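Two complexes are shown next, each including chain A; its partner changes from chain B in the first to chain C in the second.
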Partner chain A sequence: MTETTYPDRIKPITPSAERLDAQRRRAKLAHAVRRASIYILAVAIAIWILLPIWLIASMAFSTPADVRAFPKQILPSPFSTQTLEFFLNTQGIINSTINSLVVAVLALVISTLLAVPAGYAIARYLFPGRDAIRLGILSVRAFPVVVLAVPLAVVFIRLGMFDKVHSLAMMHAALTLPTTILVVASVFASVPYELEEAALIFGCTRAQAFWRIVLPLALPGIAAAAILTFVLSWNEVFAAILLTISNRTLPAQILYTLDKSGDPFKFAGGFFMLVPSLIFIFFIRRYLFNMWGQINK
Partner chain B sequence: MKKIGLTPYLLLLPSLIYLLLFFAYPMVQSLQLALRREGQYLHLRAEAKEEAAPTGTVAMQTDVTVLDRVRGEELLPNGRTRPVYWFLVEGPDTSGVPVQGWVSQRDVFIESRTESTTARVVNGEATQEWTLDYVRRMVTDFRFGNALATSVLLIVLILPLQFILAIVMALVLQSQIRGSTVFLYIYAIPLGISDLASGILWYSIFTQRGFLNSFLVSTGLLDQPFIFIQAGNQGWMIAAIVLAEVWRATSIVMVIVVSGLQAVSRDVIEAGEVFGANLWQRLRYIILPMLKPSLQVALILRTILAFQVFAVVVAITGGNVITVLANETYRWYDPARFNNPNVAAVYAGFIMLLSLGISFFYLRAVRSQEEATRAT
Partner chain C sequence: MAEIVIERAVKRFGKFVAIDDVSLTVHDQEFVVLLGPSGCGKTTLLRAIAGLGMLDDGRIVIDGRDVTYLPPKQRDISMVFQNYAIFPHMTVFDNIAFGLKMRKLAKETIRERVDHAAKLLHIENMLERYPGAMSGGQRQRVAVARAIAYDAKVLLMDEPLSNLDALLRLEMRAELKTLLARLGATTVYVTHDQIEALSMGDRIAVMRAGKILQVDTPTRVYDLPANQFVGSFIGNPPMNFLYGQVRRQDGATKIKIGELLITPPEEMQPPLRAYEGRHIYLGIRAENMEALTQPSPDTLPVTVEVIEPLGSQNLLTAHIEGGMLKISTHPDFPATTGGQIWLRFPVRKIRWIDPDSGEAIVPDLEKVLA
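Now for the complex of A and B:
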């Protein structure tokens, strides 16, 4: 018996145990390095997002003297509410904050009341023109507010609705209505139709089935959409500054007085406007993808 | 799904009317503001009578020669009469061609009704007419070119950075690391932050006594603060705006990309992995092509939104040295400044056309690319 000889090319690979081990270890190490670098990247991006917020918050919660100090400390100077108090006591700030809240709540109410039936219709009925209407609503959701604000201001002046809090709320409701309808529709669509059918079988009328079964299930989603409207309205500045003069909302007031104000006012104002957005993300987190994810369908 | 009736339409009707009222009607109004002008024109008459046929139309303030005159009587409410003169005049009409016709004395300014041989048209009928005056005013304004260039420059700088960052964020979130939901929420925080707040935030970093200078000086990299935001430092101002916008508006792209990624089946990506595709190859040949619809939508959305960037620019630079189209719209509208809603409407319309044009271009570009790949 002669030992089989192989040409070099097809020599069977019989790795030794040690070599196998080393290979496995190397693969493990490479994997660990990859995981670690992903974590580092994830944390780095999180710092990129959070650092500016931290900086402005540390300024808002310090004394005006610390705000003007140089060089500034990255770690917060002694905690103080003086800068925020100074901001809130500036003339027009409390008023404009109240205006902002009124506008945002009104916009929220209008857009929710309109969007719930519309969203339900899109989610539950198949009717001629449904796709066209959906597409139309989709296409106006990105409609530039800059384009609408100028003519609306002129129309509002003519109708005697200029510089009124409720006119601005109506405009904000219009801006968010397309998004709200689509979000509400996707929320309704996620409520199983079988539940509604069961309610009908057990003797509910259609309205009762909606009121008792569908609406309670959809309520968290509708609330999220409403909060979205609130925040968009709270943030909106272009239409606000065009449509109001004496009844300015907070961002419009801040923007209007920006070039005449010092850093303590600006930083405290920046932080103050930021607060609702930080809470907002907590409330809508489950519906993040309902709001922006379904955009291309 | 229920059977078709009137119900869905009734449910949708309030919303549709509301949207029509607040989107369609202002658009018509905007067109009116931008392209129509209140004009006043005087119609010359064939005879010395109000109801006589018109012979031509003369603009306000036109000088005319008086060829003839007649004296008439006008009955006053108290029963008396007073003399009213009609003049046969000749002058250039709206397009410069000489015309002849009769005008009443109340429509012209004339020194002496009985003797003067020249008069000036001072009255007429109000009419609406098409005009390009406001468009001309926008285009010839020295800030227009500046604003357009800056707007486009910002888009060119911001969008690629945003998309790269958003895709990186999405891939990180999709790589099944522990705590990825927490990271998702952190990355999504800027979704709710206004451009004004974001502008102020980055102003606090870039201003003379701001955090960046604090850092550079206290680490000894600089001896004294460098003034990033000043008229001579346009590059730094643009950089600050770009950072603020990338910081604020990448989240929405990220959310769109993540939901697009969720639609890409993991099997496909894993198959790529099994067949030995490295990260770049998986990205280039599997993930990006499947993300294309999402990216396209995000691109259109971000471009439209980018043209509306306004408060960031004002918060960081003051809006004078660096200006953008939306800022100009506001400046022209602002009653305290130019107080000219017409030119503001032209700006608004211009932004609208740009947004539409670019969206259309994206859609076309992507489609023709698809056709090209199919053909090969």
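Now for the complex of A and C:
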């Protein structure tokens, strides 16, 4: 065996070392370009979404005169709640806001009460027809409400449920159930089954294990699904117009009065409708990412 | 504390038979390890004892009570899960106290027992913390403390150390063994780690493909495996299996390997007689062969191919007719790569194995005892 001499072993320069260096530089550059383009794209998308929101918000807090002025100011000045006040004082707005709130809360309660057991069953149990039921739930979503419109109105009138706040809430719950069931199911599926088994070992019945272990852990996700229902109901127009006449919800009322009113009214109405959605997105963000597997605990 | 009796247990998943007619008795205060490769049914068997999966056939009796169809909470068992299954929304105290609260014990009793269990596992200063802020090793301690505090008749453990890093595993292994010996709990412990099984168990049940192949003390499982699978699954390096011809010579049954003739001990003569004229396997552990530098009667010459110094021993790989042989020698043994050494086989350390079935050929006496 020949001894390798010490200097030979530590000398890092080989004929190909410079070439390697050039390669490394090129790779670094390519990486930087890729990152930069992702950022540029992200910023572009953000501006595309944020610009109209900003416009609506700044107009809502400008004086009616400023709203009609051109060019627009970046910040509302003078800052004024005049436009919003005008909007809120318009006849029917307060009433329809209350209706909207009642419908949304009712829809939320109905939808959550049905979605939690259904979601749990889909997440935990293997029963015959499980996939068919999942598909069936989804297909409700694929069914356009327009097709149902006339038969639905007829049935509601026959059952004496027409133009009632609670019947609209049921309709909204039905519209959001497919989404909420699947969201809640995925939340339950993310709670490790071992935790439930541990609860069973340490003296729980199945119901107790659900109540003490699974439900508390799934609660944030269930809350997110509930807020989803709330916002969907808050924004829903078609069924609201179709199924109510005197008990209009806010979007139905705004839509109804839209062509009879000026720009300040539209901006104020738009802003008023926008806020709940923004708050909702802010809270639900984490859970949405969680469900899509972006964040793993 | 209690005895566990499993009688003819069968569990199927569709067409797959996970537990295939298994019977096992775990004595009072005994520590039995279920050992086997993944998919052998060891965890399924443990879950059946726990009541987390119903058997399709057979019975499970704990402390004289048939629990086959009872839910887990009525079986008086506690369990440590592989992934710990610590409740993330509860503090360590509430985790350990969970089972006790479910039993509606008095507040002071719960406090006392949680403190005691926490002290045993050295987590008494973490009782107010949440599991999310703890390391794997600490969570593991919480899981064990929870199981101990519950103070059930039977303690079940499903690969509790498999998620820990090597050093921590070594430390916890010794600690768990001491702890469980002190508690005197009837314990069933599942693992795929043979070192864990050998070092911790009173008895080891080696499983494969839904069947228990051997239930024995660690030394007997190691030195006298019931068949070729157990011999090659347990031990590092696995047991060597030499192919030898059985023949009659000088009025006795002998086995010929290369030029070497081995005379089996007295009690092996009758059972081996049936194999005369055929081949059998001779199973022997790497450390049970005697390596010599000089030729001597009753030795087999082999050529050393690889020498692996492992610190406390040197592991030699040698070529013999029809295969490789691993020999463990003292580090000072002067072997050289490509050099020749001579091996002596102590007959008492040899396991005689039927080549067709892979089962050990045992004297009638051993059959009667088993």
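Definition applied: the second predicted complex is superposed on the first by the 246 of 297 C-alpha atoms of A that agree within 3 Å, B and C clash if a C-alpha of one lies under 4 Å from a C-alpha of the other, contacts with A are read in each partner's own complex, and residues count from 1 in each chain.
Simple rule for what comes next: contacts are C-beta pairs under 8 Å (C-beta built on N, C-alpha and C of every residue); 3 or more make two chains touch, one makes a residue touch a chain.
In this text the structure is predicted, and so the values were computed from the model without any measurement.
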| item | value |
| --- | --- |
| Joint occupancy of chain A by chain B and chain C, clash or fit | fit |
| Which of chain B and chain C A:213 touches, first, second, both or neither | second |
| Which superposed partner A:81 touches (first chain B, second chain C, both, neither) | neither |
| Partner chain in contact with A:192 - chain B first, chain C second, else both or neither | second |
| Which superposed partner A:201 touches (first chain B, second chain C, both, neither) | second |
| Partner chain in contact with A:23 - chain B first, chain C second, else both or neither | neither |
| Minimum Cα separation, chain C to chain B, after superposition on A (Å) | 8 |
| Touching both chain B and chain C, residues of chain A | none |
| Chain A-facing residues of chain B, complex | 1-2, 4, 7-9, 11-12, 14-16, 18-19, 21-23, 25-27, 29-30, 32-33, 165, 168-169, 172-173, 175, 177, 180, 183-197, 200-205, 207, 209-211, 213-215, 217-218, 225, 247, 252, 255-256, 258-260, 262, 293-294, 296-298, 300-301, 304-305, 307-308, 310-311, 314-315, 318, 325-326, 329-330, 333, 335, 341, 344-345, 347-349, 351-352, 355 |
| Residues of chain A touching chain C in the complex | 192, 194-195, 197-205, 208, 213, 216-217 |
| Interface residues, chain C side, partner chain A - complex | 50-52, 71-73, 77-79, 81-83, 85, 87-89, 98-99, 102-103, 146, 150 |
| Chain A residues touching chain B - in the complex, by the definition given at the top | 35, 38-39, 41-42, 45-46, 48-50, 52-53, 55-56, 59, 68-74, 114-115, 117-118, 120-122, 124-128, 130, 133, 137, 140, 142-155, 170-171, 173-174, 177-178, 181, 193, 231, 234-238, 241-242, 245, 251, 254-255, 258-259, 263, 266-267, 269-270, 273-274, 276-278, 280-282, 285, 288-289, 291-296 |
